[in-house]
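Next up: some structures, all given as structure tokens.
Consider the two complexes below, in which chain A is the common component and chain B and chain C are the respective partners.
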Partner chain A sequence: MWRWLGTEPMAFAGVDVGAETVKLVILNEGEILFSKVLATEEEGAVASRQLMEEGLKETNLSMEELSYVVSTGSGRATVPFANKQRSEQLCHARGARWSIPSAQTVLDVGAEGSRAMKLNDDGKVIDFAINSKCASGTGTLLRAMTKIVEIPMEEMGIMAANAKSAAKISSFCAVFAESEVISSIHTGVSEESIVAGIHESVVSRLLEVLRRVGLVEDVVVTGGVAKNIGIIKRLEPKIGLEIKVPRDPQTMGALGAALMAQEMGGGS
Partner chain B sequence: MSTEFRSWVENRHEAVKEWKEKNKKQAVGYLCCVVPEALIYAAGALPVKITGSGEKFEAVDEHMVPYGCGFVQSCFDLAVRGIYDYLDTVIIPNTCDLVARMEYWYRVAAPKASTILLGLEAHPYVFYLNYPEKLTGSGVHNYLFNQFRLLKQHIERLTNTTITDEMLSQALEVYNEHFRLINQLDELRKQDPPLVSGYEAWEVEFASLLMPKSDHNELMKSYLEEVSQRKDKPEKGVRLFLSGGSIDQEAAGIYKIIEESGGQVVSEDISTGTSYFRGITFDTNKPPLDACVELSLKVPCPRSTVDATLVNPWPEWRWNYIKRLVKDRDIKGAIIYNLGYCECRGLEIPHFKNKLKEEFDVPVLVLSGDYTPEVLEETRSSIEAFVEMVGD
Partner chain C sequence: MIVSGVDVGSRTTCALLLKDNEIVSHSLINTGVQSASTSRKAMDEALESAGIALEDLDYIMGCGYGRFLVPFANEIVTEIWCHARGANWYFPTARTILDMGGQDCKAIRVGPNGDHTNFIMNDKCAAGTGRFLELMAEVLGFRLEDIGEMSLKSKNPIKISSMCAVFAKSEVRSLVRRRVDKIDILSGLHEAISVRVHSLLKRVGVEKDFVITGGIANNIAVVRKMEEKVGLKALIPDEPQIVGALGAALLARERAMREG
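Moving on, here comes the complex of A and B:
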């Protein structure tokens, strides 16, 4: 567009390099031109470059036409073409607030960690809490459990959302939780109850993180686990509030990074 | 100039051994801030603060449970492995449950030969300093005075010296000068940007826990002169207050992580260095041992408490001290770095977190460590996010 007008390039990108996926959002004048999640086992530098090449091709842009790039996520330092790195906390909060302007509390649940952010009325993060040391309360635990119960993630989420009862998976350790699930299978506990119990155990860890920052409406959940309806439906009654999930929750970190790139790069 | 301080910090065991060899005098190891270092100094011996290391434990597991303070475990591991064998005696105060038991563990796992007379040790290697739990009350001064008197005798026997009032008074003058010089250094950190970085100030202070105070004082005078003429100031950074326990040469990595994340520690409440002695000095008008007792009872260590009937009971007593450290620093946030299983500090965190928010309107990041470099490194992402958040 700017090439026709003869103006300076004003596209911005945010890259979120997580444990299992890389996410890219390309923005122009506040409009999302490209947004994609790439599941990869490649290292961050390779995967982010691969996704960026795809994004540029799709948007018919060149790297030079990107004014500013911000990277985030646990692998943010590996992105070779980023102008700046920003934390997951700030990026997810920014992305969530842009998508749902009423967001006051943002819970990001990714593959390897979960974090809660409290926002003030201006959308600025004023407090956060993280759960990064243990796999419980993360997508990694859920993924590990899909292999044990042999049910795909999406199906497991629906099953957990509709379950009438939940087996008690009490352990706060992902490895021990696995033993408890196997034990429940052997003692004949229903599949539905076990799956609900797995989700309850993740929810209990998420509650800890949320309580540390305090709950203020609206609560928005982002990250890949936000797509799991079982987690959302089991978390809502625990916090006594309706949870809002953005249309594409997994890309909120990358979106937030792109919005910051726009701000830092002098975009509107 | 700071390289001389650094040399003591980085080569602390070798530096003390060299000092002993050169001066033909004793080195006295001690734990915690309540031990009257000046008594040791007065006898001509070198007071040496015992600290841990980042190395994996080799000998501690068979004596301690794994869920104990990593700092104390590390100090003990080094003792059992003989790393601290150059110390001629060690003083163990009862400053927390684990430290108090170091007396027993030292005797069992790191025994040192001692002369036995009538079935008793004529001069035990380990001295147990029974420091009062509550620092207020009519009998507390006399009680601690008696403890210090016993310690004085212990040091006198070790060094074969009689510590006269004159010798102790001279030592207190040296220590008062040390407090004055450290306060000057601290003043430089009030400026924006500070004239010295948080890590550099920590390193300069920490060296004073290893080297003789008189030598440290002399170096400090030239160092402060050099700093005042420096052209290269440290990175401006987001101004932060740090509260932590045993921030020794291993745990001080948190200063580096904060600085690498764009922050700058401009004041701290830590149990190493002299932050507990900010604004207090020995009263040289008093008999010197009484002055030692008075100063020791003013140390605002979180393991102690004060009479609940006073106007400022615990934890307000500690909070008043924190307030003095924070005011005039223009901090944008506070980081509380608590070593796991340190209930002394852990118990006051909720109170301080609320107070820092209420009275100074700053966000607080609470971090937990286990004294290992690996877990310290895990705090980096939270610190980066926090610095971004408060600097935003």
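Moving on, here comes the complex of A and C:
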């Protein structure tokens, strides 16, 4: 009966299907009820359903109680239960702005690409630049390098953040950079310097994307790679600005999608 | 007069001995990490099979990506020049050369005298190079030398959307997980590399005769696709991987004759 009394719970969801992970955020009245990242090799349809089931269970909601669902990410078209699809740049910008209201420039760095968004005062995306064609400057390159230097991602990031010097990696291509790193190891270049060099090479690609939209404070970095302190610390001196990272940068796309779902589905 | 050309490529090193206008012997070995000892090893193999000593050589020309690591060379030159000369030796009518190597790809225009008039090279990106096919063969569990023939058997070629070798690897893995026929995947991969290489060729302009050299010239599927895209039959040297070293040897002979 309560459904007729205008107290119907209005829940909204955003699903971000990336190359390596699926992210889900469930919102209710502007409050985050559920937020999770699932690393998976499953197809987008399977992975997003799997994560949604978990999210619904945890929030005691049913699929019918989700008023609106927006999907984003490279696999956004594969989400069977999405009402609408929205681009990564719109969703990341929205999520970042909600988390850090002073955000004017948002850089999303994911497994298979990066994108920089310029926002106006209302938070609208007024310009953006994308690299999604090439693995240099992406999380995939960093992941591949963890296997070569045999250092886990987080540790590699800390090492890069603290390194005094950085080995020059001249290869632009991720494939050739791998061979270059292997030969640097063979010729006795220090681990710390190599690791820093790897991060520098990613940073230099991110700079290209950022420069195409221009830099306005505050700069917010989102996406899985934003969790890598080495990237953040090496990017900051290059842009001459302090970088802000949301508490859970990897879910910003899903959060932005959920916020858009709330707007489109008539929530507050 | 006996001269030699040594082409130290990123993947393969070739040493070739030329007596007058005849190829006396040649060697092909993996470059590996140490190019200095590699070039010596390749030279020793070529000398041994011809029964000639290093001292008997009148002039040695080094070329290729590792040309600075040929300590016994009298001189080094860029491989562009060498490929143009080498292709001209095989096919005097060659006007466009596509050299597809282990880690790079060059489109070269040549004049009737075997001098290059224009060239474009991709050595920045693994897409469109031998490395791309090597990685894909690895992911699919096939031998590099087999994939060209295999891919010709495809009935329903799959479109591969990634140009980048790293992304193509994940794309292939996910296609395999979806049980897509590996032969059809191979065909899509050959199409992807051909599109990439064709864009390089278009930038120098193609004029016949059209010659393909380098290790990938041994891949029949790439050759067929390039012929289709260019609209010309491709001429392939019987030993497509020695063309750079042959050109270097021809240039060595010119030098030796001039210096008398």
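The rule is short, and it goes like this: the second predicted complex is superposed on the first by the 261 of 268 C-alpha atoms of A that agree within 3 Å, B and C clash if a C-alpha of one lies under 4 Å from a C-alpha of the other, contacts with A are read in each partner's own complex, and residues count from 1 in each chain.
Assume a contact is a pair of C-beta atoms (placed from the backbone, for glycine too) under 8 Å apart; a residue touches a chain by one contact, two chains touch by 3 or more.
The structure displayed is predicted, hence computed values, not measured ones.
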Taking chain A as the common reference, can chain B and chain C both be placed on it without clashing, or not? Answer clash or fit. clash
Quick check for you: in the superposed arrangement, does A:63 touch first (chain B), second (chain C), both or neither? neither
Spot which of chain B and chain C makes contact with more residues of chain A, would you? C
Which segment, 45-53, 63-71 or 261-269, is the chain B region that clashes with chain C in the superposed model? 63-71
Could you tell me which stretches of chain A are touched by chain B in one complex and by chain C in the other? 133
Can you list the residues on chain A that touch chain B in the complex? 74, 86-90, 124-128, 130, 132-133
Which residues, counting only chain C, touch chain A once they are in their complex? 33, 103, 124-126, 131-132, 135, 163-167, 170, 174, 177-178
Within the complex, chain A is touched by chain B residues 363, 378, 381-382, 384-386, 388-389, 392
Chain A - residues contacting chain C, complex: 19, 41, 43, 112, 133-135, 140-141, 144, 171-176, 183, 186
